[in-house]
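Structures for review follow.
Both complexes below contain subunit A, partnered by subunit B and then by subunit C.
Now for the complex of A and B:
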């Protein structure tokens, strides 16, 4: 499978996750978000950039626990509010949608 | 995975058209699975076949074919994945076939976990509605109830999940827990139908669940954590063995004795029965006969429930009732199987304030675990790793001499009544 952005084709896996992390651009992210029916706001971009930064450093997507803690710290929220905030941005969950838009591989394991 | 590849390339004769296999049956022949119907017990295969022939759902035929194939190759062919509904991070357990090229009808067979009502009290209208919705969107297979305590709706394709959930939700149902978060809670029938219940576990279940519903739908802790609510130390939910937080009803004072019912019991069954089946079987020898009267030394009683179960009319739990909280019950993981250890020997559980205090304690416990536990570590394992002392200090709880005794010292003790 693949997606088309500005005339270039990008390979994805069967679930629509970008196969080559290096090919990610903001335009690709916009297209991926469009498929997921997500309107990208600044908050969305912040999260996507956090995920990409984390992945670059650790070569693995962060656990949801780490993600919510980071948001809670940054926004001065408690963890419960941070979790709700996260799911408001990406209704199908950070693992399914945020990672996809950020161009990260599909998280494995049973969630 | 190697086996899956072999299987996919091998190519067996797979019949996709119902009725084309010579005997007008919707299902394909499954000689291996048929063996399972020959034993003395009811077989899930019979139910499966009946449902498949009645509904003619291709998914059911596909699953039967895949299972038959599995029995032949001695390999499993299901793999997991991620499917959720809007706003939820858990509740749908995915099963994708690894051999969907060979058996396309079994390509997807996901499970939706649905939360049960406390004490499993339903009305038939709700059950009928649940069945109707489920047969419309899914396979029609329901496990009442799975090991998790949920109603397991087994067999749905990803594309139907959201719509099915929306309809179930409108009818009053909600998804259960999965993943590294709060799990679906379980309670016994409680005061609704049982005279031994020492607290309203149904109400507590509901209140606690509502408090943790966010953590249940959006898992983000170290690992799973389970609450079970048993009304008395008979522990009908197996809370001590199967939950991280076992809330077991108990009492502080003495077992209540109805003298005339004791006499009636003895008249009916004889003094031998009282001595041999009740007094001699008390594991802590707390019961004695004094001048022909039954006397229970409360100090020695470990709430094993044997005498209460043997003489339900004559004996009942004490008047000063509440709960014990045991923690750490779980199956094998990093360390072996654990039973819960007594953390809070006694806590009142009558007023709303009592319940709120309990919820606060549980939140305190989970916060501590969230901060100090490792990834994929159940709370019992965390406590075992750092030691009980650090845990108690962490949650601001004082050690209590009563923590060394347990509501029921031997869960395997089962006498003939």
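Now for the complex of A and C:
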């Protein structure tokens, strides 16, 4: 499978995750978000950039718990509000949907 | 080099590594293993305790007894790791090292889940500690019908197949007691399926269906309400229960986060294939303490031990560590007292059908409920205490073997 952005074709896996992390650009992210029916706001971009930074540093997508903690710290929210905030941005789940837009491989959870 | 190796944590991974290194290295290498207590728990057995299949006191043995005498075993609380100074502090001592092996594991923290402690031991239970498993055993003995819910609070958690085994065993147990017809069983998970790997997930969902076990997926636990007997997800969905069995939130050891070496939840960022700490030289990480994307399970710690020993030996001989580990994991999945399934997989290859460990002959069948697999599960306990912990080899490589597996 693949997606088309500005006349260039980018390979994805069968679930629509970008195969080559290095091919990610903001335009590619916009296209991936469009497929997921997500309107990218600044908050979306912040999260996507956090995910990419984390992946670069740790070579793995962060657990949802890490995302929630980071948001709770940054915004001064409690855990529940931070979780709700995350799900508002990416309704199908921050792990699956946000990682897709960020160009990371599909998270495998703990198994 | 001062020739000192320090191993933190004497569970499955730490014990195997310490023993194995002791066998490989000459006497001028000093190997120290530190743990807070002398209680080695055979963790796979905890699943059996609630159903009365195994007694809790048979699961605990002395760590010291399984550590070679030439390994310096220290019982003390580890308080700080300083990767720059290459030094570990405990309450009473200080240890310097050339190589450090972190095998500090992970633990459940029910106090992190809203409302769980209020219901703890009343109508909410867990079998992830010895004490918890015993409490649940008492509860299940008194159980006289109603709704049993098995919930996984969040990812990552330890032994991803255990909750599935728990509901299968509950089905068997309640049938045995003649109360299955008045018992509802529901499995509530944050995962999008019964398991993350598609083929195995499909098999487990089919098995659950045939046992009349309801599966609710993509449920991120927000709070437990023991008084009104329901759990609520972040999205606001509710699942009611009479008895709740939960895998609480799980985090890595406090000393990892206190030393500023963790990924945010207590696990050490670890190279997926060399098992070296990503940010520190001279440190290897093994078992539940790593953040590598495979199961937090004993088989993983065991396979990783071989790789960690190999790479430390390589570095001692001036060779770079090799990218050997592939995420290999092997797990029995018990269906009832007398039958079990088995899965074998790695980072890239999902569990497949076939025979294990020998092609055609097995004797174990993959992704299939058989009696032989159950005997394997039972026999494994002996193997664990008498062969594996000693760091002896079974003749198989630590990585996944494709022979015997059905592809496609």
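As a convention for this text, the second predicted complex is superposed on the first by the 108 of 111 C-alpha atoms of A that agree within 3 Å, B and C clash if a C-alpha of one lies under 4 Å from a C-alpha of the other, contacts with A are read in each partner's own complex, and residues count from 1 in each chain.
As a convention for this text, a residue touches a chain if its C-beta (ideal position, glycine included) is under 8 Å from a C-beta of that chain, and two chains touch if they have at least 3 such contacts.
It should be emphasised that the depicted structure is a prediction, and the values quoted were computed from it without experimental measurement.
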For A:30, select first, second, both or neither according to whether it touches subunit B, subunit C, the two together, or no partner.
neither
Where does A:57 make contact in the superposed view: on subunit B (first), on subunit C (second), on both, or on neither?
second
First (subunit B), second (subunit C), both or neither touched by A:80
both
Answer with first, second, both or neither: which of subunit B and subunit C does A:93 touch in the superposed model?
both
Quick check on the superposed pair: does A:70 touch subunit B, subunit C, both, or neither? Answer first, second, both or neither.
second
Can you list the residues of subunit A that meet both subunit B and subunit C?
63-65, 80, 83-84, 87, 93, 95-96, 107, 109-111
In the complex, the residues of subunit A that touch subunit B are 15, 63-65, 67-68, 79-80, 83-84, 86-87, 91-96, 106-107, 109-111
Can you check the complex and tell me which residues of subunit C touch subunit A?
114, 154-157, 160, 190-192, 195-197, 218, 220, 222-223, 234-235, 249, 263-265, 269, 271-272, 278, 291-296, 329, 347
Residues of subunit B touching subunit A in the complex
80-82, 84-90, 93, 178-180, 214-215, 218-222, 370, 375
Show me the residue ranges of subunit A that touch subunit C in the complex, using the header's touch definition.
57-60, 62-66, 69-70, 80, 83-84, 87, 93, 95-96, 107-111
